[in-house]
Structure formats: structure tokens, C-alpha cells
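Several structures are given next for inspection.
After this come two complexes, each holding chain A, first together with chain B and then together with chain C.
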Partner chain A sequence: MKMTFPHLGPAYLAAALALKELGIPVVVPPANTGKTLEKGKSVSPEEMCLPFKFMAGNLIEAYDMGAQCVIMPATMGPCRLGEYGELLKQVLDQAGYAMEWILLDTPKAIGIKEWLRRLGTAGRESNATVLKAARVLTGSVQLMLSLDRLEAKIKEQAGYARHPGDCVKMLRSLRKELEASENLRAAGRTMAKYRRAVKMLPVNSRRRPVKILVTGEIYTSIEASANQNLEEQLMLMGCSVKRPVNISWWMAHTIRPSLPVPGRQRKRVYLPYSIGGYAKETVKEIRDSEEDGIIKIMPAGCMPEIVAKAVSNLIQEKEGKKILHLVFDEMQAAAGYETRIEAFVDMLERRRRVFLGN
Partner chain B sequence: MYFLGIDVGSISTDLVVIDEGCGIKEQLYLKTKGRPLDAIARGLRELGETFDSKEIAKAGVTGSGRSLAGAFVGADVVKNEITTHAAAAAKIDPQVRTVIEIGGQDSKLILLEEGLVSDFAMNTVCAAGTGSFLDRQAERMGIPIEKFGEAALRGKNPAPIAGRCAVFAESDIIHQQQMGVSEENLLAGVCRALVNSYLSNVAQGKKLLPKICFQGGVAANQGLKAAFEEALETEIFVPREHKIMGAYGAALLALERKDAEGTAFKGFDRGRLDVEIRETPCFDCPNQCKVVRLLHEGHAIGAFQDRCGKYQRDTAM
Partner chain C sequence: MRVGVPKAYFYYAYKPFVESFCQGLGIQVEFSGDTDQEILERGNRVCVDEACLPVKVMCGHVKKLADSCDAVALPRIMRTEFGESICPKVAGAADLAAASEMDKKLIFTEPLYLDDRKKLEKALWKQCKKLGIRRLDFKVNFLNALLSQEMAERGLDEEGYRYKVFLAGHCYNIYDPFVNMDLIEKLHRMDIGVVTEERVTRQEKDSGLAYADLMKKPYWSFFVNNFGSMRALRKKGIDGVLYLSSFSCGTDSFTVEMLKKNLNGMPFFVLKLDEQRGEAGFDTRLEAFAELLKGRSRQ
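Right after this comes the complex of A and B.
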């Protein structure tokens, strides 16, 4: 039974390798394009958010390539009242794309027993021992963590690189090489190679780049095709880009509450309650940011982030932070976004020049 | 030495020449009419009669057609409209804290702090709050757009019109017409609807501090100025140069670079060239840019939309 999963940034790299090593046949859907979105739209309710449409599109494309089973982490909770995964399943079922579904909700939501059972269903076709399975899973999680760290490093470096384009190129070729790796071990070697390459990048240490924090809705943040390559645009303008919301962040955020370790809870002035999605976390990041400017992104119609936007307006007013809000939808007209992003970076640059006197 | 600024917008293409003291020497306001290249060429020919190409030290371009203009005339500065409009407003009156700019296809709000942009917003939803909507309504009622504002000022009892969406607004206007509402009141209603939609869609609750500067082609409309004054309960300043502020700002930014050597400006004679636009997909890297090239008698004289800049370098000379 061929397995597939929807895209979320670089997650497919680790997931595909893990499944491969366990001997489970896997179909990786083609990268997100306009066509993916068209297919997703054809089955989704009109008012659905952009990530849903992309994911539905991924699964349709995978189905056409022979996938029979979907495995998907579904963090019962944040979005669509926790029924996000179920909804996706229903929508595709009704449209005639019948597949088996393994929804890995958080252990906290469904109980550790049920969680392990579902994980077991996923692994029933593998003849790997439990020990090997555990080793592979750990390995792929480690790959994900180190990939996120490395990408973050390269994005930060973009502001200091002599040619900002180098960093963009490096990010692209890194993913490409990982995509082609045979197994986790080979992927590990690729990682080591790129870690060395980052250190060799020609830098201009005298540069003081504009630093930008990208935050907001998680899918739009992680999946570059849903934000019109926002980060690449920023890097090419010579900015240092920081985006704390990545797969590692999500893993930590999802898994920690099910462990008996108490997290450090601090009182949050602007948005003390969780209102669904990751709005609370977005607000926290905006509040705590020390970058020159913040770009907050979300797909059209994302309720939690709309609330976060309202709250961030208040933060902007009270704490003088510079925030640019971008809402992404199916519209592919890049010019409007470019103008806004360019004007925002321009604004930060000019302000710094005047206030710092250089 | 002089500095050239060009603003290529959806409705108008403006050209401004300034001297080193930021004074405007010459200004042109031309209709784009969907053919930006022709409009720029016309402007260059006209300016070429007064100025010598060698007198232009630096050139700056802005507006939605800035990449095209930059490739065609050769620009030292290619900047977005927000930065240029802000620069122009701050130069004309340093007291300005708020810039309301309404153009043909978009509307912007720029907040300034000591002459520097501190926040900005652009319309997102639809063209309901922009000049093209006014144009269309004026045309539908058979009133020349120049007379629009004057007539609207006479409307003492503005008709209620929903301003959120251009299509709904039009249905509303037609309905009011059938109900026998006078033309003046209708026009006044359109102005009020546009202002409300601007304040809710673009300004979105941001604080508009005085002094407020209203610019862009639409600022010529007296009725709209009055509607803004009524809604914001403060006086609104419309600079004499309101139509060409973008181009003026582009020229000012070009002036900022005056110490750098040389210029990319290719001369007013560009206005006499027969230019063909060709879109070439480039497959040299995964970016797969759709490069736009400007050809004259088969030779490339300019290019844009190539992210790596390869085609632009080839035609820089």
C-alpha cells in the first residue's frame, strides 16, 4: 500500500526518507504549484483557507500517482475546531478520492495508547523491528531538527553575505540534494557538507543588515509557495531573515504538552488566552521580537490570525514596533506584494540611516 | 545639473525635471492610455526639446510601470510608489504627518514621523476606493471628470451609497438614480462612499495626524477633498504639485545619489526609437523568469524581470 502525505515545507524530505528506510512504499506529491491549488480548489469549500486547498491538491496529485494511504499529523486542536484532518478526509472521500487515512493527532488528544496503535497501523507493512523503527524515527526527527537549524543559519547569513543570491542558491540546492539522498545516512553527509559550505560563504562583516522577523500562520510561514517566496525576496534585498516558526518549533510545541515536564508559563499581557491556531504564539513573538521589522503573514480567512492582527496593531501602537501585514490568497499577482515588501524594507533602512547616523 | 523623475501609473505617466535645489524645472502629466511605453517616449521627446541629455545627472523611476520605465530610459533609482510619494510630501511640507494618496488603481496611506515613513497601508480588497471607479461613474453619468468635484460640492444632501465594493456601489447608484435623486447629491454620495471605504479598508483604524496631505490625480477633485475634511474633521492640504508627486519623489531620490559617479540614463533620444516588447522565458535556472526584453531593430536595448540581472547587464551599455 503506497503511502503519501501533504506538503509542509521541508517535512517531506525527512518523512520520505523515514518511510523508505522502513521499507514502506511512498509517493511524494509534486511540489506545490498553481496546478496543485487548482485541484485543491475543485474539491474544497469556497471559503476554506489556502493551506487546506494546497493540502487537498497535494493529496489529489498523490492519489493520481497511485497513493492509497494518507498519513498526516493532525494536532487535534488549533484549526477548524480540531477537525482539520477529518474535514480533509471527508472532502476528498466525497469527491471520490478514496484512501485509507492515518491521522496522527497529538498523544494528548487521543491518548498514548491510541496514538501508538495508529502509529502501528502505519508501520504494519514494514518488516522492520521495533528497535529499527525507533532508530529510523529518531534519525528522521534529528534530520529535521538539524535541517531547520541550518536553514535558519543561512537565512540569517543572507544579510551579511557578499552576494545575497548565494544564500538563496544554497537553500535551493540543499533541499534538492536532500531530496536525492538514498537514505538518512547520506542525508546526514549532505548536511555536514552544507554546514561547512555556510562557513565558507564570502561575507562582508561590515554590513549591518536590516533584520526581519517573519511570523504568523504556520503553514503560510513554512511553505514558501503559499507566501510567494517571501523569504527569498527578503534575502535578495539583503535582509537577515528570522522565522522561528518551523517544523522543529511545531514538533516541540505539539509534543511538549503530552510530556509530564511542565513548560515555563509566563503571563502574556496582550493575548493571555489561546484562541485557536497559533495566534497566541504569534502575538508572543511579535511582542518579544528585537528585529528591525516584523512581517506578519496569514492566508485569507484565517480566524485566529485575524485576532492576532488586531492585537498586533495594539502592540505596534504601544511599543512602536514596525509591522507589515500580508494576507495571501489564491491571487498570484506578485507586483502588489513586491511593492509592499520593498516599501517596508526601504522604510526600515531609511529610518535606521537617519537614527543611527550612518 | 538636473535630475529626472518618471512615474508610470495605470492612468497617467508623469515626468518631472528638478534642479539641485529641488526646484521643479519642468513637469509633464500624460495619459498612459494602456500604452506606458508610448507615453514615456512622448514625455522624453517633449523634455528633449528643452533639455539636453547631458544635463541629466541622474534619473529615477517609480509607479507600477517602474521596471518597464527603468529598462527603457535607464534609471539610477527604481523605487516603489510609497517611498517616492513620502519623499515628495516631506519635501514640500516638512510638517506633513499623513499622506493620503489616491491613484488610478490603488490608494495608499503613508504616515510620517519627522519626514520619515513610520507606517503605510495600501488598498487590498478592490478598486472601489480608487480613481478608476470615479472615472467610470463620471463617464456613466456623462459628466467630464474635471467637473466631477465641482458638481459634487453642490450636493448638499449626499445620497447613501455602499462603498465597499465597486460593483455594489454601482447598483446602489443606479437605484438612487431611478429614485430620482439629483445628480449633485449622487456625486456627493459617491465621494462620501469613497472616503468611507478608504478609511475602513486602507486606514483600518490607524491614527491620521494632521497635517494631512492629499495627493495623486484624484486630489484635484474638490468634492472628495471636502468629504475627507468632513469625515476627519480637519483641514486637508492639497499641494499644487499633487498630480506629479510620485515623479517628483523619484527625482528627489535620484538627487540623493548625486555624488555617485555616472548615470544609467540613456538620453532623451530613447523617445524616438521604435521599440518592440518581447517576453522571453529563461530556463537557465529554477527561477524560470519570464524576462521582458525591449528590442529596437532586433537589438535588445533593455530588459527586466530577470531576477539574476543577467539580461539587464547585457543591455546596460
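Right after this comes the complex of A and C.
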């Protein structure tokens, strides 16, 4: 039984390697393109948000490549993401793409026993021992964590590099090489190679780049095709980009709180309660940011991020942060976004010269 | 101290509780009155653009009260009495409204978990104490309010009309005649009576959900109410389902789709509301729906 999963940024690299090592046949859907979105749109309800349409497209493409079973994590709302699985199954079944579903809900929602059972169903075709499974799982999590760290480093370096294009190229080839790697060990070697390469990058230490924080809804943040390659655009303009919302961040905010590990909780002035999605965390990132400017992104109609937008407007007024809101939908109108991003970066550069004297 | 209570949003679902709770607390309570064009315009001005119509209406009510009262009560409902959540924009209602410079005046913004009576009482008392209400008054009022919410007969189940449709949707759209442009009155004129989800018991909803072949337990109260009730009412011989939704409603984009797949051939009609309030188009669609019902009964 060939397994598949919808894309979420670089998560497929680690997930595919982990499943391969466990001996579970896996179909990785092709990377998101305009065509993916077209296919997704053809089965999706009009008002569902952008990530749903991409995911539907991924699963259709995977089905055409022979996938028979979908594995997908889910949470208990109240954001729509938690119900994605349910509706994806409905619309895909109806459109003739019937597949088996394994919905990995949070252990809190379905109980640890059921959670383990579902994990067991996922691994029923593997003949790996529990010990090996645990080793592979930690290995892939580690790969994910170090990949996120490395990518963050490269994006930060983009502002200082002599040729900002180098960083963009490096990010692309890093992903390509990881995709081609045979197993976790080989992936580890690739990572080490690139870690060295980052240090060798020619830099201009006198540059004072504009620093930009990219935050907002998680899918549009992680999946570059859903945000019109926002980060690459910024890097090519010579900005230093920071994006705290990545897979490691997701793991820290979703998996950890559902485990019985006590964590420190600080009460916040703006949006102190979790209202669903990651609105609370987005607001926290914006509030605590020290970058020159913030680009807050979301797909059209995202419920939690609408609240976050209202709150960040308040923060902008009171704390003097500079925020650009970008809303993405399936109209892939790149030029309009480009213009706004350029204007924003220009404004930040100018502001820096005028007010801060450098 | 003058406390304003917006007549919007979940006021319509918890009206008996709110009204009974406000009486005899020893503070002046002012209700914001029915929604009108002015309130909607105020809401449009202060609210974030992407929000849906009910949020804008709510902001308009709060803004109106903020001008005339010392404080505005805007509860933050995290979970309903059956433990489901509603929508991020309801849980963040206070934050949405606060973003338009009324944050100092908002009270009762502690999270309310209606499925846990002790927690609910504690959260309400915390605020009441600050308002200088005596413990005994609070306790009596709280119990009274709970009782009246439980005893009140809510919702509509109209007899005596030729057709009967299930009017699905959200309480703040269904019971606000300004927002839905007198929908119920218009339906009556077309000889259509309505039944709403409040008249379906929780057990019926649950059993409606149980056989729906869902992969996971749904966590939205709107989904349970509308989807469960539709499946329960389907057996009771209703002529159709009319879904009153607001533009860009997040939960409805899911609920409507799931409803469509479980209709068994019953007429289904979605009406979208937005702040443009195009009444002619709305009427035309309604008439088309009435024609559909007529055509089916002739067959």
C-alpha cells in the first residue's frame, strides 16, 4: 500500500526518508505548482482557504502516481485546518480519488492509545522493530530541526552576502540534494557539507541590511509556492530575512503542549488567549520582534489571522512597528505583490537612513 | 456605572441568560438596541477589512455603546455548553473590537467555558467583583440566569404554512432582521414556515452525527448544530433546507459542503449575507427557492 501526504514546505524531505527507511512504500507528490492549485481548485469548495486547495491538488497528483493511503496530522481547531482531513476525504471520494485515510490527531484529542493504534496502522507494512522505528523517527526529527536551523542561517546571511543570489541558489540546491539522498545518513552528510558552505560564503561585513521578519499563517509561511516566493524576493533585494514559523516551530508549538511536559506560560498584553490556529503566537512574534519591518502573511479568509491582523494593527499604532499585511489567494497575481514588497523595503531603507543615520 | 450590552453576536443564543443576569445587579445596564444602518457603518469603519459581516455588526454595536457607557460587556466564549468551540473570531471577539481603540472599556473579556459551570461562575464573578457587585446578588442572579436559559423556549418551529424548511445558519444572522433583511417575514409571505436548530434536542443531533460516517469528532458547535439537526430533521419530513450564511464565513465553507453531501435529494439553498445588502438579488434568489418548493410538491 503506497502512502502519501500533502506538502508542507520541506517536511516531505524528512518524512519521505523516514518512511523509506522503515520500508513503507511512499509516493511524494510533485512540488506545488500552478497546476497543483488548478487541480485542487477543481474539487474544492470555493470559500475554503488556500492551503486546502493546494493540499487537495497534492493528493490528486499523488493518486495519479499510484498512492493508496493518505497520512496526515490534524489538530482540534477551532481553526479550519483541523477539519481538513474530513473534507478532503469527502471531496476526493466524490471526485473519484478514493484513498484510505490515517488521520494523526493530537494525542490529547483521541487519547494516547488510539493515537498509537493509528501510528501502528501506518506502520503495518514495515517489518522494522519498534527500536528501529524510534531511531528513524528521532533521526528524521533531528534532520528537520537542523535543516530549519541551516535554512534560517542562510536567509539571515542573505543580507550580508556579496551576491544575495548565492544564498537563493544555495537554498535551492540544498533542497534538491536532500531530495536525492538515499537515506538519513546521506542526508546528514549533505547537511554537513552545506553547513561548511555557508561559512565559506563571500560576505561584505560592512553592509547593514534591512532586516525583515516574515510571520503569519503557518502554511503560507512555510510553503513558498503559496506566498509567491516572498522570501526569495526579499533575499534578492538584499534583505536579511527571519522567519520563525517553520516545521521545528510547529513541532514545538503543537506536539510539545499535547505531551504532559509542564511548560512556562507568560501572560501577554496583546491577545493573551489561544483562540485557535497560531494567532496568539503570530502576535507574540510581532510584539517581540526587533527587526526593521514585519511582513505578516495569510491566506484569504483565514479566521485566526484576521484576529491577529486586528491586534497587530493595534501594536503598530502603540509600539511603532512597521507591518505590511499580505493576503494570498488563488489569483496568483505576482506583480501586485512585488510592487508592494519593493515599496515596503524601500520605505524601510529610507527610514533607516533618515531616522537612524546609517 | 453604566454598562452596555451589545445586542449582537451571541446575545441571540444566550438572550435569556443575559437579560436575567443583568436584572437587579444594582448597576445600570444599557442594551444597544436593534441593528441599523448607522451601526453597520460604524462597524465597517472600525473593524478590520477581512472580517465577516457579523463581526462588523458586533463592532458597530460596541462602538455605539462605548460612546454612551462607562464599560461594554463583550464576553469571550471559548466553548459552548456542550464543549464545542465556536470560531476563532468569536473567541477573539474582544480582541477584534479592542483593536479599534475601545480596549479600555471592554469588560467580561475573561475566557468563558460554558460547559464548566464552576469555571464560568468564577470568570463572571471575577469581573462582577470589580464592578462592586455583592457576592449574594451575584450568586442569586447567576443561578436565576442559568435557570431561565434552561427553561426558555428558544428557536422557531412554525406550523400552519404550506411548506416547512429547516432554516440553518448562525443565531446572529437568523434572529437579526436587519442583517437578514426580514428573511423570516419574507418566507411567511411565500407561505413557508421555518424550523431552527434549537428545536432539535441534543440527543437527536448526536444520533444524526453518529451515522454520518465522520472520521473525527467535529469540534465546531455550528457544525454539530446545523449538520446534526439537518440529519435529524430529514426524517421528520421537511421540504427543504435554507442555509443563511455570511460571506467568507470560515466554518460555513466546511459545513455547507458537508451538508450538501448528506441531503438525499432534498432542496438545499445557501443565502450569503454581506455588508453590501443587495436586497433585490436576495429576493430573487428567495423567490427561486419558493418556486423550487412549489415545483417539487406538484410532482
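As a working rule, the second predicted complex is superposed on the first by the 355 of 358 C-alpha atoms of A that agree within 3 Å, B and C clash if a C-alpha of one lies under 4 Å from a C-alpha of the other, contacts with A are read in each partner's own complex, and residues count from 1 in each chain.
Just so it is clear, a contact is a pair of C-beta atoms (placed from the backbone, for glycine too) under 8 Å apart; a residue touches a chain by one contact, two chains touch by 3 or more.
Fair warning: this is a prediction, and the values are worked out from it, not measured in the lab.
Annotation for the three-chain superposition on chain A: chain B and chain C fit side by side. In the superposition on chain A, contact of A:153 is made with neither chain B nor chain C. Look at A:311: by the touch rule set out above, it reaches chain C but stays clear of chain B.
Of the two partner chains placed by superposition, only chain B is touched by A:339; chain C is not. By the document's definition of touching, of the two partners only chain C reaches A:89; chain B does not.
Rounded to the nearest 10, the angle at the Cα centre of chain A between the centres of chain B and chain C is 80 degrees.
With both structures placed on the common chain, the touch criterion links A:287 to neither chain B nor chain C. Look at A:347: by the touch rule set out above, it reaches chain B but stays clear of chain C. In the superposition on chain A, A:132 contacts neither chain B nor chain C. Looking at the shared chain after the overlay, A:327 reaches both chain B and chain C. More residues of chain A are touched by C (comparison of chain B with chain C). Here's the short version: in the overlay, chain B gets within 6 Å of chain C at its closest Cα pair. Residues 313, 327 of chain A contact both chain B in one complex and chain C in the other.
By the touch criterion stated above, chain C contacts chain A in their complex at residues 47-48, 50-51, 76, 78, 85-89, 91-92, 95-96, 98-100, 103, 111, 214-220, 223, 248-254, 256-258, 261.
Across the complex, chain A is touched by residues 64, 79-83, 106, 114, 116-120, 122, 124, 204-205, 207, 286, 307-308 of chain B. On chain A, the positions that touch chain C within their shared complex are 45-49, 74, 76-80, 82-83, 85-87, 89-91, 94, 101, 103, 105, 109-110, 270-271, 273, 275-277, 279, 300-304, 306-307, 309-311, 313-314, 327. Contact residues on chain A toward chain B in their complex (touch as defined above): 165, 172, 236, 313, 316-317, 322, 327, 335-336, 338-340, 342-344, 346-347, 350-351, 354.
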